[in-house]
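Mind having a look at this structure? Questions to follow.
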Amino acid sequence: MTLATRLLTALTANSGELNINDISFASYLGDSGFGQLEYGNLIMIVMGIVMIYLAIKKDYEPLLLIPIGFGIIAGNMPYNPDLIPIGYLDTLGGQQSVFKMFYFGVSSGLFPPLIFLGIGAMTDFSALLSNPKLLLLGAAAQIGIFITLLGSLLLGFNIQEAAAIGIIGGADGPTAIFVASQMAPHLLGAIAIAAYSYMGLVPVIQPPIMRLLTTDEERRRKMKPTRHVSTTEKILFPVIAFFITAFIAPGAITLLGMLFFGNLLKESGVTKRLADSAQGSLNNIVVILLGFSVGTSTQARYFLTTDSIKIFVLGALSFAIATAGGLLFAKFMNLFLKGDNKLNPLVGAAGVSAVPDAARVVEVEGRKYDKSNHLLMHAMAPNVAGVIGSAIAAGVLLSMVPH
Amino acid sequence: MAVATLLQAVMSATPDQQLINIGIRLSLIGMGTVFMGLVILSLSLPLIKRMAEGRKKTAVKEEKSGTETETGTGTGTEELTGPEIVAITTAIHAHFLKVNQMEDMKLTWEMYERPYSPWRQAGRSKVFIDRAAFRQRNRSR
Amino acid sequence: MTLATRLLTALTANSGELNINDISFASYLGDSGFGQLEYGNLIMIVMGIVMIYLAIKKDYEPLLLIPIGFGIIAGNMPYNPDLIPIGYLDTLGGQQSVFKMFYFGVSSGLFPPLIFLGIGAMTDFSALLSNPKLLLLGAAAQIGIFITLLGSLLLGFNIQEAAAIGIIGGADGPTAIFVASQMAPHLLGAIAIAAYSYMGLVPVIQPPIMRLLTTDEERRRKMKPTRHVSTTEKILFPVIAFFITAFIAPGAITLLGMLFFGNLLKESGVTKRLADSAQGSLNNIVVILLGFSVGTSTQARYFLTTDSIKIFVLGALSFAIATAGGLLFAKFMNLFLKGDNKLNPLVGAAGVSAVPDAARVVEVEGRKYDKSNHLLMHAMAPNVAGVIGSAIAAGVLLSMVPH
Amino acid sequence: MAVATLLQAVMSATPDQQLINIGIRLSLIGMGTVFMGLVILSLSLPLIKRMAEGRKKTAVKEEKSGTETETGTGTGTEELTGPEIVAITTAIHAHFLKVNQMEDMKLTWEMYERPYSPWRQAGRSKVFIDRAAFRQRNRSR
Amino acid sequence: MTLATRLLTALTANSGELNINDISFASYLGDSGFGQLEYGNLIMIVMGIVMIYLAIKKDYEPLLLIPIGFGIIAGNMPYNPDLIPIGYLDTLGGQQSVFKMFYFGVSSGLFPPLIFLGIGAMTDFSALLSNPKLLLLGAAAQIGIFITLLGSLLLGFNIQEAAAIGIIGGADGPTAIFVASQMAPHLLGAIAIAAYSYMGLVPVIQPPIMRLLTTDEERRRKMKPTRHVSTTEKILFPVIAFFITAFIAPGAITLLGMLFFGNLLKESGVTKRLADSAQGSLNNIVVILLGFSVGTSTQARYFLTTDSIKIFVLGALSFAIATAGGLLFAKFMNLFLKGDNKLNPLVGAAGVSAVPDAARVVEVEGRKYDKSNHLLMHAMAPNVAGVIGSAIAAGVLLSMVPH
Amino acid sequence: MAVATLLQAVMSATPDQQLINIGIRLSLIGMGTVFMGLVILSLSLPLIKRMAEGRKKTAVKEEKSGTETETGTGTGTEELTGPEIVAITTAIHAHFLKVNQMEDMKLTWEMYERPYSPWRQAGRSKVFIDRAAFRQRNRSR
């Protein structure tokens, strides 16, 4: 049904005239799930249930997979869009659906910066402050973004779509949603779900690559303990880091601004109330609405396409490449480092972001080869650097690719 | 007064018989749907119960047949939960730094502890150190 | 003053020209309460004060009656709408009033689903899970909705208005507001205030009807204790219950979706943070703004009409019929039940929703005849079923009645 | 510098005398209204005090003349507060189920406790078990 | 660049065509800070850093100066507005910037009433209730508003601008923002920053004036202890005070309505949950977004003007005059008061609002001359009365000055 | 299946060589910028450290050279922190009122305590009783 026809029907239906012959239990059932269910909806609903199952049973990203999963179910329940506005794109007779109002936070790009505010207010950048050179690993892992961008172009996506798909490789949900909402809104559902799914699967995706690209000796290597970071450093950091990164990538002012603003609220020591709400109730509310909205945007008719399949394949690829990028760059850096300054290349894998999962995978892998080798702390530096790195990459794409 | 107004209203109003008929049909369909919904829901509840019980039994079976026991007689570190591992890594870290100021110590702790819970909030989950630890935690929840 | 005239005045006034002769203390007082007060405003302000008094002194629904009561006062303070936009419908020179922005949450239908999210996150459906057959009582009590609908048609309301008024019989504030906002926005204030007032008065309305329709023996009857409900059941319930009810009544997807989503957040065990905010700060914020906005929408000139009086009479009727419906259906079910499976018909009265007031009235009445008879737990099942039942009824009306 | 700029501004600006007159009128009316508002408010405060005292005395009187005493020597169950009744019904319920697992017990408790507070949040209030209990609770608040 | 040109450029750029010759590292750097930085931006960024420094180091208004300070930095980072919408006024190709969405809460006048709700929910009006006559000091101090208004007219501002600038003298941030957003949106940044800066500097501005205008004997004077206030009085107060003040100044219905509504939530005793959220999470969220938005609205090209300098000078003047007004009126009242009813004129200085800073300055000054003289409690009455007084003044201006 | 679809897609798609070139340029510039940003950031971190240390040393110096000591041997009241002063004024106030009901006492307390923190929330800050008290408080934070 074209938009024009639908509008016409809506206008006619809304005349307030109600013909008694139109009112029958049979016609009602025809407008209920019995008459409106489509095959695709069922597939999506099952997918939503699987997500909820994984979240509860396997503890994969429950704070996002449960809202997304239930959103998928709610967004795919069958209904007749000519009678009531329910879906995330529906407006009928001037009345927007509630799901559309929720989705405005996603489509307008409003929610991701608010999430970044919360992330900033809960992140401790000490690890990064004490390991300046490990920042480079967080840069190297962003190669996943750009190779995926090229791959997307090869698969026939246009440049805006390719940029949005590429950001999946940043392993950072809100960044991916922010870029997709500006660049390729029609792919947002698939991109968001791919990003979050793979972030949940980091403990499955990364280890084989880590083993493949490192020697036994490298994996056992211990690193020098990190130094203590003073409160003043932590207060100066968000201001200076924001200035530098936003200066270089103005397209990331919005995301990085909120990230470092949140961090300043946390570290200043005089705005505890604000930091608590930024990372507490405000963040929770946004996470609920963001996840649910992303879920409702997977209506089968728009979601079940070959594009979505391509995006999932490209997403898996991007995570693998990002992991390899970080690892190999660590090995490259070792060529120039001496003695106990040498890095354990496993730490490079944490550069993909997916905080703190990737850092913990590093810890787990490291301890498999030497139980006394604790890499978590070292891995946190490239891990948070990866967030900044993908925000910069997002900023570059947002300002270079017309949209 | 209210009653008088009401009666007057009923008198004066001459609602279309057609409209009343529509109202009656609507009401019958509406009441029918409410009952249909709640009857089907009430019939599904025993199924939910059975599903839940099914899962429980399987879980119990799996546990019994499983090679990994949960009685705490494990192989040491593999039994550790996330927070315990944090504590240990922190202690080692503190040792290397030869930290003797309590404030520093506290900072280090925070650095370790934060990532566990708050990042999840932003949509990221825990990584489980190993399966045994994972199961244990999950069950104690 | 017609809209056209007002627009003209506004445009003229906004030219920035200010004639010195227009500025006098007398003319200022003419634009203040001294010159603008109307008789109707005073009546409404007294009504607001009465509501606040009942809320504080009698503890009737304080969380809603205090915001509504103060909103009534604020909405009825006299002012000159040609000078500044204050009222819930005012826009002047392109500037919307703040009360209008608040009211958007009501008129757009945004707030009720958010309230349902909070309700879901605070409701324990165990009682319902352990008493499947008691669900039917929650269905039977919805007869109040449809008889009120017919009564409204008899009193001269059109079909949309009648549907919105009928939902008062669902004894569920947010559902009534949601339907009224879509079907009959001009009656929203009266419907909302009738719904919440009678919900507060449930302990006054129900007992006489309960005594009238039951025998002494029935009131003394004890019921079999309920069974224990496992965590897994509680997790499965919101997903399955949502699928069934939304399948049958797609018009209720929005309300039921948020209700069961909130419940899943609560029961999943892995999203405690989100459930806390859904039923905590988010809910509180929405309750404050919803109640206050409903209050401001009772400006005397729109509210003090015979329609409002009719709505209050119909509302009282609907609560009485719903109570009777639940009770009589319980007696009807007893015809088919044997021995200690027989129901205490008082429990049927809880089917009207008004959670948990109606259930507690049942407990109180039961104990009047036998101090050892505790019906609260049994009454909770039809009580929460009544919420689902009225949401389904709302869904049916929303999808069948063009609006 | 700021002062210089300011002086310069004052010099260069030749504001309409008419505008200044308007400003003066506005200011007088504004200041007058502020005083009127706060004077009337300050005069009303003693009235508020008297109203509050009036209510208190009446309340005390009512209590004294009332037949229901609050000294706790009531007729047993009627004196119970809401939470106490919940506790008792829960205990009975637990007894019937012969619950011996603490976890189950907790679940049952929650089931009872929730409705008291949270539903109110969604706009629903407590039902008072009986007047005496109601009064007692209200006063202890 | 005119708006028309920018629109044209945007439309052309958004055609989706991307010429390979346009893509070079040099052109990218030209669009980054390296090519876009302006002198004015740097000045503003330094100002933001100074604010953050004062907030952390001197504890001047940290809850506002930190969000404002970081907002100034974020709002003045250089970027090319033809490529991406970032600034608080940017819309590009139909996409609003996130900062613009945040700023909507300021420009629409939505945030200040929400702040007042929170203030109401955290203010105890006991001091005022026990000292009715001290209310007059809160009225007298509003003279600062009107003299500043006249001064602004003399400096060449138009009547709307003058009214908005005058409100700085009310020493009440949200009121100043509310009036400026309606009357002179283009000056909002300067007015807000002047208001908050001087509120932070109250301990510096007031003492010299206080010493100048009082004798040693007056400063040592002790006042009669205040009486106890009952709960019932506290419940009645918000309702009655709202009725009186809103009746006299309908233009203040929005601000005073929210203030007294919040206070009723606090004092009623039955809506603790709502009061907690009103003064907790809701207030924190609004404070974060309000402060940050005000900061972003200081883009150098709009902010660095002689108008801003004038506003800062007028603002300082207004604080001084308000202080003097309160003090001198106290001395005037003493002409009519006998014996120990006489006021310590220092208390009059607290009438400027700037709660509770001004009241604490009075305490400090009083104790300098007699260590046993505690004026804090007495000073709280004119202090909160000053908030009501400036809201009334704002209401008068809003309803008398066309805007 | 997914792999097959993918391969097929690669085959069927004949992306403009021009587009690929653009992609490559974009990627090089993007990757370059990411590295530039993080390299400059990493180079700035030692500067941040030095700034922080510089400030600390200055602070220590200032404290030593300062005339006001913080060892608590001050002149009595000047050493008081905000809350202490509140406590004292409250006590005096309570004494004058000859308060003997605990509830009244509590109310008075609240009246004093509130303004300290909550108003700040609305954008208003503390006033420091005197410099010594200010410093002390600040440090203990």
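Each chain gets a letter, A, B, C, D, E and F, in the order it is written, and its residues are counted from 1.
Here is the rule we go by: contacts are C-beta pairs under 8 Å (C-beta built on N, C-alpha and C of every residue); 3 or more make two chains touch, one makes a residue touch a chain.
Bear in mind the structure is a predicted one, so any value in this text is a computation, not a measurement.
Colleague: Just to be sure I understand the contacts, which chains border both chain F and chain B?
Modeller: Common contact partners of chain B and chain F, which must touch each of the two, are A.
Colleague: What is the set of chains touching both chain A and chain B?
Modeller: Joint contacts, listed by label: C.
Colleague: Report the chain pair from B-C, E-F or D-E that duplicates the A-B interface, where duplication means over half of the contact pairs agree by residue number.
Modeller: Checked against A-B: the matching pair is E-F.
Colleague: Measuring between mean CA coordinates, which chain is farthest from chain B?
Modeller: E
Colleague: Would you kindly say which chain has the C-alpha centre located farthest from the C-alpha centre of chain F?
Modeller: C
Colleague: Report the inter-centroid distance (CA atoms only) between chain B and chain D in whole Å.
Modeller: Going by mean C-alpha positions, chain B sits 34 Å from chain D.
Colleague: Please tell me the distance, in whole Å, between the geometric centres of chain A and chain F computed from their C-alpha atoms.
Modeller: The computed centroid separation for chain A versus chain F comes out at 27 Å.
Colleague: Where the centres are mean C-alpha positions, what is the separation of chain C from chain D, in Å?
Modeller: So the centre of chain C lies 22 Å away from the centre of chain D.
Colleague: In chain E, what residues contact two or more other chains?
Modeller: 18, 23, 28, 32, 59, 62-63, 158-159, 248-249, 269-270, 273, 280-281, 284, 287, 396, 400-401
Colleague: At least two other chains touched by the same residue of chain B: list those residues.
Modeller: Only 22, 26, 29, 33, 121 qualify.
Colleague: Going by the touch rule stated at the top, which chains touch which?
Modeller: Chain-chain contacts present: A-B, A-C, A-E, A-F, B-C, C-D, C-E, D-E, E-F.
Colleague: Show me the residue ranges of chain D that touch chain C in the complex, using the header's touch definition.
Modeller: Residue list for chain D touching chain C: 18, 21-22, 25-26, 28-29, 32-33, 77, 85-86, 88-89, 92-93, 96-97, 99, 104, 107-108, 110-112, 114-116, 118-130, 134, 138.
Colleague: State the interface residues of chain C toward chain B in the complex, per the touch definition above.
Modeller: For this pair, the touching residues of chain C are 128-129, 132-133, 135-136, 138-139, 142-143, 145-147, 149-150, 153-156, 158-159, 162-163, 230, 232-233, 236-237, 240-241, 244-245, 248-249, 269-270, 273, 306, 309-310, 312-313, 385, 388-389, 392-393, 396-397, 400-401.
Colleague: Which residues of chain D touch chain E once you look at their complex with the stated criterion?
Modeller: 2-3, 5-6, 9-10, 12-13, 15, 19-20, 22-24, 26-27, 29-31, 33-46, 48-49, 51-53, 55-56, 121, 141
Colleague: Using the touch definition up top, name the residues of chain A that touch chain E in the complex.
Modeller: 108-110, 113, 117, 158-160, 182, 235, 239, 242-243, 246-251, 253-254, 257, 260-261, 264-265, 268-271, 273-274, 276-278, 280-282, 396, 398-403
Colleague: Report the residues of chain E in contact with chain F in the complex, numbered from low to high.
Modeller: Residue positions touching the partner: 18, 20, 23-25, 28, 32, 59-64, 115, 118-119, 122-124, 126-127, 173-174, 196, 199-200, 202-203, 225-229, 231, 279, 283-284, 287, 291, 354-357, 359-361, 363-364, 367, 371-372, 374, 376-377, 380.
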